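The letters A, B, C and D name the chains in turn, as written, and every chain counts its residues from 1.
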Amino acid sequence: MSIDKVSDAIAAPETSQPYAELGLKKDEYESIREILGRRPTSSELAMYSVMWSEHCSYKSSKVHLRQFGDKVPKNDSMLVGIGENAGVVDIGQGWAVTFKVESHNHPSYVEPYQGAATGIGGIVRDIISMGARPVAVMDPLRFGNPENSDTRRVLTGIVSGIGGYGNCLGLPNIGGEVVFDPSYQGNPLVNALCIGTMKHKDIHLAKATGLGNAVILYGARTGGDGIGGVSVLASETFDADGPAKRPSVQVGDPFMEKLLIECTLEVLHAGLVEGIQDLGGAGISCATSELASNGEGGMHVWLDRVLLRDSTLTPEEILMSESQERMCAVVEPSKINAFMDVCKKWDVEAVVIGEVNNSGRLTVEWHGEQIVDVPPRSVAHDGPVYERPFARPDWMDIRNAAGPENLVRPSSAAEVKQTWLTMTGTPNLASKIWVTSQFDRYVMGNTILAQPEDSGMIRVDEETGLGVAVSTDCNARFVALDPYKGAQLAFAESYRNVAVTGAAPLAITNCLNFGSPEDPAVMWQFERAVTGLADACLEMGTPVTGGNVSFYNQTGDVAIHPTPVVGVLGVIENVERRTPMAWRNNGDLIYLLGTTSDELAGSEWAHAIHAHLGGHPPVLDLAAEKTLAEILVAGSVGNLFSAAHDVSEGGIAQTIAEMSMQSGIGIRLEVPAGLDAFTFLWSESATRAVVVVPQNQNDEFLTLCASKSFPVTKFGEVDLSSKSIELAAVFGDSISLDIAELRTISEETLPRLFG
Amino acid sequence: MTPRVGVITFPGSLDDKDAARAIQLAGGISVALWHAEADLHGVEAVVLPGGFSYGDYLRCGAIAKFSPVMEKLVDAANGGLPILGICNGFQVLTESHLLPGALTRNDHLHFICRDQKLRIENNNSVWTSDFEIGQEILIPLKNGEGGYVADEKTLDELEGEGRVIARYLEINPNGSRRDIAGITNAHGNVVGIMPHPEHAVEKLTGPSIDGLGFFTSLLKSLVNEGKVTA
Amino acid sequence: MAIVVVDVALKHEILDPQGRAVMGALVRLGLTGVADVRQGKQFVLNIDGDVDEAKLAQIHEIASTLLSNSVIEDFTVQVRP
Amino acid sequence: MAIVVVDVALKHEILDPQGRAVMGALVRLGLTGVADVRQGKQFVLNIDGDVDEAKLAQIHEIASTLLSNSVIEDFTVQVRP
């Protein structure tokens, strides 16, 4: 088999190349030729094609994502901002936290178990490459119609993949989302979030500094998986009996990843590493070009030294392989032996594949032949940037005009009760225990809160009790009704969920799941959502530390609901004061913080009962949201709450139901004057939370609310002698719901569908 | 003198830090033991923690039993050293034939993580002496292969000799024969348990602090046997 | 009564962490010359009555859709008398 | 170069939940006459050079101690040329 060398590219400049099959546009190919002053070699073409893909280059989203950097006031807590593997925030006491969410949507549809498993693997490596110890994962998921038989295949595979990988890695799963909507039928969303902690001094960045330093590839061997596309190149460029089409799916090895975590943290803490980078999308192409362009600017790589699982791999395939569980480190020559010793201790294979230089070029040789000679920045950072056309589609008018006003509402006590029972069992509101019980939430012994609480909470420092809380949220129906406001509502919900537990929101990450950027309507949704999110961050003073964009989530012409998942991180100085969601004490008072209006567009009630989506999403007042969070945190600090829970999907009915099911203790409630029972129970007005206040803290609580001029309504109290929800003033009548019955309804749904 | 309790880390062990924390909260000193080192460093007892030793790709605990530290441990166990195997540690103990039977795939085929009620059935073992017989405790359970199986004869023997140390209550979470959650060897020094006492040692992070009893039992037994002074 | 055995193995290009773990253990146990180990699944089906062409075709179909995932696995079907 | 195949199956008395689940699925998919399904493991060892008596004995030993657990599993070893 002949190798396409740099000298061949010079000697035979007009050889035709399969750039289109590799996903490059003609003008992109031309600009590669321009950058190089010649045609690329097939290896160079391989590198550019993966690095300039939408996934790696953010070519359609870049112009909009800039807002996250431009609009957010630099917040003191940002230690490392957007652009690195993951952002890092200061949480005080010398501790820093890094967190990031990424998508693995498409692979998870093709091979649900492995797709989801490797999604967890990938985000965890991003976190270790910052020098942090991963301490928890979360998994926001979206599935199609729960009654469709393919949903069963996808969901069961994805759930066991996330568990199979995360459990074996020893990371507690502390939260996530399971949402069903037909728009995800051919396009489930698997977003994976990882949180890592470290001391400030341990922060590491991905750059290749220090002339003469060695570039070490370590971890799993490189194989022929995850390189579906490049086989085109192999078969086009080489003779007919070149390698067969390689699979595009990768298989994860969580045990190797666990060794990689321990090995990486040990070399980092021993001071053996100058720069470090994980290998994810685009494999060695990405790691070497990013390391080189962030450092001294040059690197030479001996590609034939890469340890292979399959000796028939071509250099192009090796450059593009997305084999999992690999990392790249830059190490001073005098420390190579010590580095290798640590690898040996953990049974991790490692090999020096390159050297840092100041040539300004990334050069790669293969058995003595030069096959790549490129400016590394041109591969890693200077990819194409598109200003894709975007336009508000006409159908938005129709959608916004068709509000929920005419949907039939329950109008008697009996109908309210029946609606409540039905809503408790809908797939979106039902208990997710069937899913979450497949995840280990206890490992590491620092989980303070996990599902079904509003946020996951992890103790960071066992001595002081310092902790962090993280929540991810997005009601995509709101985004479908108004992408600007919908994205802000997602942010607000996540922010509130963190505050409800007593943690102060500090920073956000996001995973922007959208349809095709080539569709101006989708691009409009994207632009609006990013702008909404950036504006919200500016107003709330919460920086975006990083995130991920996933485009092309659509089946044929039909895109998924735009789904910008927002993850908010908050800090709590002492986890002992966290606010749980379940009440415990007799006579504690139940309050609603916030205002309830008739807002049912995009609500779970409209979706579940009427399959309706239309109108305008709830009004959002960000200033009020901030005040609410201040009250929730102050209440936690002042020990004013015995429990608290946010109000979102399913309205107050769902909030109350979840609190009761978690608690098992009954309550007496009354629909507040001025509201009808239906609106009170199922409206999804934003900026609300239910708090439970011990009687002896009542005055202080009311003083706090008054000092912030925040609306607060008492609507019930805890009744230790009862095991039911007693609700009065329901259209002139009262209803009683047995908590055990609610729990049965809630817990039956998922096992019935997927068990 | 405070007792020193070893915690073995295999590649893929996950709950080793938790086991060490539990030992310390109970008043002991935890000593890290490494799978590749055939040395128990003179500890007075050993905990085999939960996790996925060597990935558990073959069979849980199957590869761990061939590690250098296990050769030493098997001899020490036969010599009376107190050993507690939790979850994966229990699997390693059955694979090493320090305890009878085997742990198989959960009957419902899923990994399961839940707060599990148990009834203590034996308080003669080194690791359960601090409990009452019949005491009900609540500790986390998390496993994919936790179904305890053995032939009828072995099961009868275990029952007859009072060697079942804990049974699942309310729900049998994995199809274990006769609801068995944990057993001991005839001598009472080697105990295997599927649920995780080390995750129920602090109010903030566990469903209870019932798990501490296993570790305080050990420390008391060591004092009583004069191995260490109170 | 016929016995049908379906063997399912990961495709060659796909990483086989289980096989790799076993191989490591075999080497540690002193078995020499082990070049590769792959771990697969075996389904042994006891079928009442004859396995005719039609039934075999049905089993092939099930092997390719249920018992294996063609994205990452290959399978073989054998009928044992 | 020889290929040694070790098949490991749960003993008959031991409940095989995976086999049972597969059986349920086969029946749902309309396969008739399925009397029983057992799921086992198959290890395919590629061994450099010849597999002589001594090596085969070693492999048997490994199959009985490492690759299977005699409390719950049986195994067979076959050498394929």
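Keep in mind that, in the parts below, contacts are C-beta pairs under 8 Å (C-beta built on N, C-alpha and C of every residue); 3 or more make two chains touch, one makes a residue touch a chain.
Just so it is clear, the structure is predicted and the values come from calculations on it, not from any experiment.
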Which of A-B and B-C has more C-beta contact pairs: A-B
Centre-of-Cα separation between chain D and chain A, whole angstrom: 41
Interchain centroid distance [CA atoms averaged], chain A/chain B, Å: 36
Centre-to-centre distance between chain D and chain B (centres being mean Cα positions), rounded to whole Å: 30
Contacts with two or more other chains, residues of chain B listed in rising order: 54-55, 57-58, 62-63, 66
Multi-partner residues of chain C (each touching 2 or more other chains): 17, 20-22, 24-25, 29, 39
Multi-chain contact residues (two or more partners), chain A: 253, 255-256, 347
Set of all touching chain pairs, with the criterion as stated earlier: A-B, A-C, B-C, B-D, C-D
Chain D residues within the chain C interface of the complex: 1, 7, 9, 19, 22, 25-26, 29-31, 33-49, 55, 58-59, 62, 66-67
Of all residues in chain C, those that touch chain A in their complex: 10-17, 20-21, 24, 69, 71-72
Contact footprint of chain C on chain A as seen in their complex: 110-111, 114, 220, 223-225, 246-247, 249-253, 255-256, 309-310, 323-324, 347
Residues on chain C engaged by chain B in the complex (per definition of touch): 17-18, 20-22, 24-25, 28-29, 39
Partner chain D, residues of chain B touching it in the complex: 58-59, 62-63, 66, 94-95, 100-102, 104-109, 147, 149-151, 175
